[in-house]
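Each of the two complexes below includes chain A, the first together with chain B, the second together with chain C.
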Partner chain A sequence: MTHPTLAPEEPLLKVEDATIALRVGGRTMVSGVSFAVNRREVFGVVGESGSGKTLLTRTLFGLQDDARLTAGRVTFEGRTLPLEGYGAAVRGLLGHAIGYVPQDPFSSLNPSMRIGKQITEAIYLAKGWPMGAERTREAAIALMAEVGIPEPALAFDQYPDQFSGGMRQRIVFAIALSQEPKLLVADEPTTALDAITQRRVIEMMLDRSRRHGLAVILISHNLELLRQSVGRIAVLYGGQLLNIVPAADVGTHAAHPYTEALFACIPTREKALADIRSIPGEPVGAGFGTSGCAFASRCAYAEPVCLTAPLPLNAGITSGFSACLLGRGAQ
Partner chain B sequence: MAGAEPLVALEGVAKSFARRLLVQNRSFALSGIDITINRGEVVGILGESGSGKSTVANIITRLTGYDSGRYLFKGRDVATLTRKESFAFKSDVQIVFQDPYGSLNPRATVQSSVMESLLLHKRELGKAERIARAGQLLEEVGLNAAWGDRYPHEFSGGQRQRVAIARALAVEPELLVCDEPLSSLDVSIQAQILELFVRMIRERNLTIVFISHDVNVVRLLCDRVYVMNQGRIVEQGQARDVLSRPQNEYTARLLEAVY
Partner chain C sequence: MLRLLTLPKTNIERAAVILALIVILVAIIGPFVTPYDPMQISFRSKLLAPSSMHWFGTDGSGRDVLSRLLHGAQLTLSATFFVLIAGVVIGCTIGIFSAFVGGAADNALMRLADIWLGFPPLILALGFASALGASLQAAIWALVFSWWPNYARLSRMVTADILSQKFIASADALGVPLHRKVFRYVIPNAFDVLIVQVTLDISAVMLAISGLSFIGVGAQIPQPEWGAMIADGRSYVANGWWIVLAPGVAIFLTALAFNVIGDMLRRELDPTSRRR
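Right, the complex of A and B next:
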């Protein structure tokens, strides 16, 4: 019995105390990150460059060759993945239980293969050959229609370069969704796209999540995009998990000082110039460790304790969490 | 400024790009656009990729030519400028590019990058004055004057963008063209550079053309805006009006889409 039946409240994905180190040199880049993603939940991960958000997710889903999970526990659908041989174990889930959409739609498709073939190939891998060519083709065309590709029957025989960035990203989504995953991980899926296309692709993804009960982890540097799109947001900085906050609370309720400061940086529709406040200094890179808060050097509230005390970890994997050593943003 | 002529007037400027075999051209055509920039104004040119907004920046700075129409700078048709006037134009109009990693000479100290244009365009200044001026500029953009002997790789992206701004301001240009100056920076650093622009605009009566795809930044920073789509200007007016009550269907769609 490899798939024990789940209690309804059991999260789909549980990450406990994940620590990630580089293979060469062994430097720890991400420390003590704990969170859970529920079934049907749309979960956001935000961070500036170097925060460790991409390293964390790519390593958790077995896509980062130069880093590995050195400590922690990852449970997917009630099954704990072994730390030894973790990459291989999680890659066994990737492509059917977990779908992945990378950032750049210009390099993630095979330029010399018709897109129909690229989608049917994924369907074959998920469902096996006995489905037959004609039914697989129909399934691929239905999927292309669902992700919003116009005239999918025509598009089936075209090559990636005949499509815009937005359409290519929809094709990548079609491939990721072809296996009917339980969890979709999308790493900055719209960063390379224009505003109008970006909104359409995000809305297509959210619509799919609502209609099929798909859980989504959406990784972005754009806090405002996440605020409007997801349920909860995990905030990473310097390789530390600083905050897990309901998206609706960002900008309206107290949150971790970094979350508040990051939100104050963003010109949104509602803000005047006076509402925009930058954060002094430069972002620290990942690999800060867990002694002291990585944000302390830029934080308006910092006290001496913030530089040295051990960073609070989300040991209880509660739905909301603030790592602030001064207790700011605690639920 | 009563009756003053505009600093920049583009009249029916059009440009097309030949599609040649094996040549991938990433520039975008313009069809007969009119733009005026008055002294002391901050004018936004807003558009998505492929709208032609960077082509406009390149035409205004004369980094690229145009096929038809007229470009008047301080009332003079730039096509008729003499060699000497063309040289002066280069100090009158300065540009800040998107990518501060590509726009600074990696082999020159930031001080010499800032001083280089002084050497060409402010020949009356002695060496000590140039160095002092470079130091002042670095301080003004929020860097330490003592960092002048460092090289670009020793700075972060945001600091490099500050150096690029100091360099552009060194010759006291009449017009500063900024082509997506925030786009390649981190969120917290974007806000820092935005604050720097706000301060410079207040303190230095600059005339700025601000090219951007970011609706909210243009709304907050610019007096007037031109909205571009597919090589055409689809809407123009006071930034606050256009970007809160758009009249054009494309502008409305764009505003609805931005997060």
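Right, the complex of A and C next:
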């Protein structure tokens, strides 16, 4: 059943002009970020360490205690969340409408609770016991089988430390899936895993998300991983949203200079060694503000205007967006 | 409980576990299997040396030492466990609450615990004895009041550590409510640290109760509490060594057994080598 007031093209999550500041000191870390995630869309967020991508998403979903949303408008399923008491409002959506897969599978599971119990608990928290203990147990085992845990009935009674990192991330994902959210937020879900396991877990995650009709926000510092897994990518740098670009366009079409520079860093099969270039200079870190482009100091195309002009904001929530002051990458 | 039998690695640990189980068994069934009434005074049979009639002899008032020892096991151990359970409940409630709320309340509660820790239990017990009259109850409450800050501080530290871990953030993302977080996430994960501390404290509390009874502010003399039995028997040491030896050895062995078990649990349940 669809929401009666919701037009079909209405995005699931709409973030407009989000500004995030630290609670202590009040320093603004992320400013003027706008984007929209459609139903069933896989949306990537990329940025270097310290670009503010984790701070942005954790604050947007009420999981960051030391930062808060100071300005902006967040709309989920057509309902605008109040800025006053935002954390409590968005936490009310966690656990049923929004699922969160944390960064590190090794410490994200309760070490003293059997994993089956952790899944049934998640089901219980999302829906109460609508189907009774035995049916819940069966649903949990079915989910474990679905995410690729061998012998799920046996695994049901085991503890987290009896599983490898890849298996634990699958369990974490099964827990998130069990609550049947509409939006799944995965924050660097595979960073702690080795390359092969990483690929398999991501593929499993995206495949199951598609099957369950979930929208996914995948946060990563790995542009190549995102380029191969998501539909659109939002590029963050210095707490600024610099670019929203279809993943297929990265490396093939003109994009924001920073996106192009990021892509130039990645070794791919098609590229000669000489074409792999690092970005000169050091990353600026989040909290750059909105006057001037945060990337200007390292940008090959930078002109004086880039250092002072106010950064264009993604006012239209269009599917593509480039914040380049010189108009590069604009569609 | 069954796991306790598989943990011992050395014969000393096996002996300690068996001894502790015997002491607990005696404390439970002891009063039902005593050969004599532990309070029955009989001047015709006073100061009898150990014999087949009185295995551990009789004391200065002709009471059977073995019967008193068996009754004393229940009195001493139940007093010890009461102190520990009350101390853990009060201390952990305050400690966990403190860690959850944080901030000024956390600070105030922990400084209160610090101040409380500064009171020597002996002085507190003397104060309780003069206020309530010297009795085992007064000694027990004095020990409860001087013991809870240890658990408050320990549980606060452990809880703060658990709350900083990522599975708590994951629990938040799943919408786990507060009471569930306390009982399903914090307490089970703090349990190992607490059980080690409690086991190590058994002997300390037992010695404190016996010590307070020995100096006369705990259990009063006809009561078959182990410390009080030693106090009663010390004037007969020259011609009745068995009167102090039996409770003395009982205190020594019980304290030793629980200390060895505490050390064993600490080794086995160390958070860095969990469940393997």
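Operating definition for what follows: the second predicted complex is superposed on the first by the 326 of 331 C-alpha atoms of A that agree within 3 Å, B and C clash if a C-alpha of one lies under 4 Å from a C-alpha of the other, contacts with A are read in each partner's own complex, and residues count from 1 in each chain.
Methods note: a residue touches a chain if its C-beta (ideal position, glycine included) is under 8 Å from a C-beta of that chain, and two chains touch if they have at least 3 such contacts.
Just so you know, these numbers come straight off a predicted model, no measurement behind them.
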Could you tell me if A:121 is touching chain B, chain C, both of them or neither one (first, second, both, neither)?
second
Considering only the touch criterion stated at the top, classify A:54 as touching first (chain B), second (chain C), both, or neither.
neither
Touched partner set for A:265, first chain B, second chain C, both or neither
first
Report the partner of chain A that touches more of its residues: chain B or chain C.
B
For A:110, select first, second, both or neither according to whether it touches chain B, chain C, the two together, or no partner.
second
Counting only touches as set out at the top, which of chain B and chain C does A:243 meet: first, second, both, neither?
neither
In the superposed arrangement, which partner chain does A:209 touch: chain B (first), chain C (second), both, or neither?
neither
One more residue to check, A:94. First (chain B), second (chain C), both or neither?
second
A:223 in the overlay: touching chain B, chain C, both, or neither? Say first, second, both or neither.
first
If we overlay the two complexes on their shared chain A, which of chain B and chain C does A:179 touch? Say first, second, both or neither.
second
Please report the chain A residues shared by its interface with chain B and its interface with chain C.
none
Within their complex, state which residues of chain B touch chain A.
48-49, 156, 158-159, 186-192, 194-195, 198, 213-217, 219-221, 253-254, 256-259
In the complex, go through chain C and note every residue touching chain A.
165-167, 169-177, 180, 184-185, 188-189, 191, 274-276
Listed in rising order, the residues of chain A that touch chain C in the complex are 61, 63, 91, 94-96, 99-100, 102-104, 107-113, 121-122, 125-126, 159, 161, 172, 175, 179
Interfacial residue positions of chain A with respect to chain B in the complex:
48-49, 194-196, 198-200, 221-225, 227-229, 261-262, 264-269, 271-273, 276-280, 282-283, 298
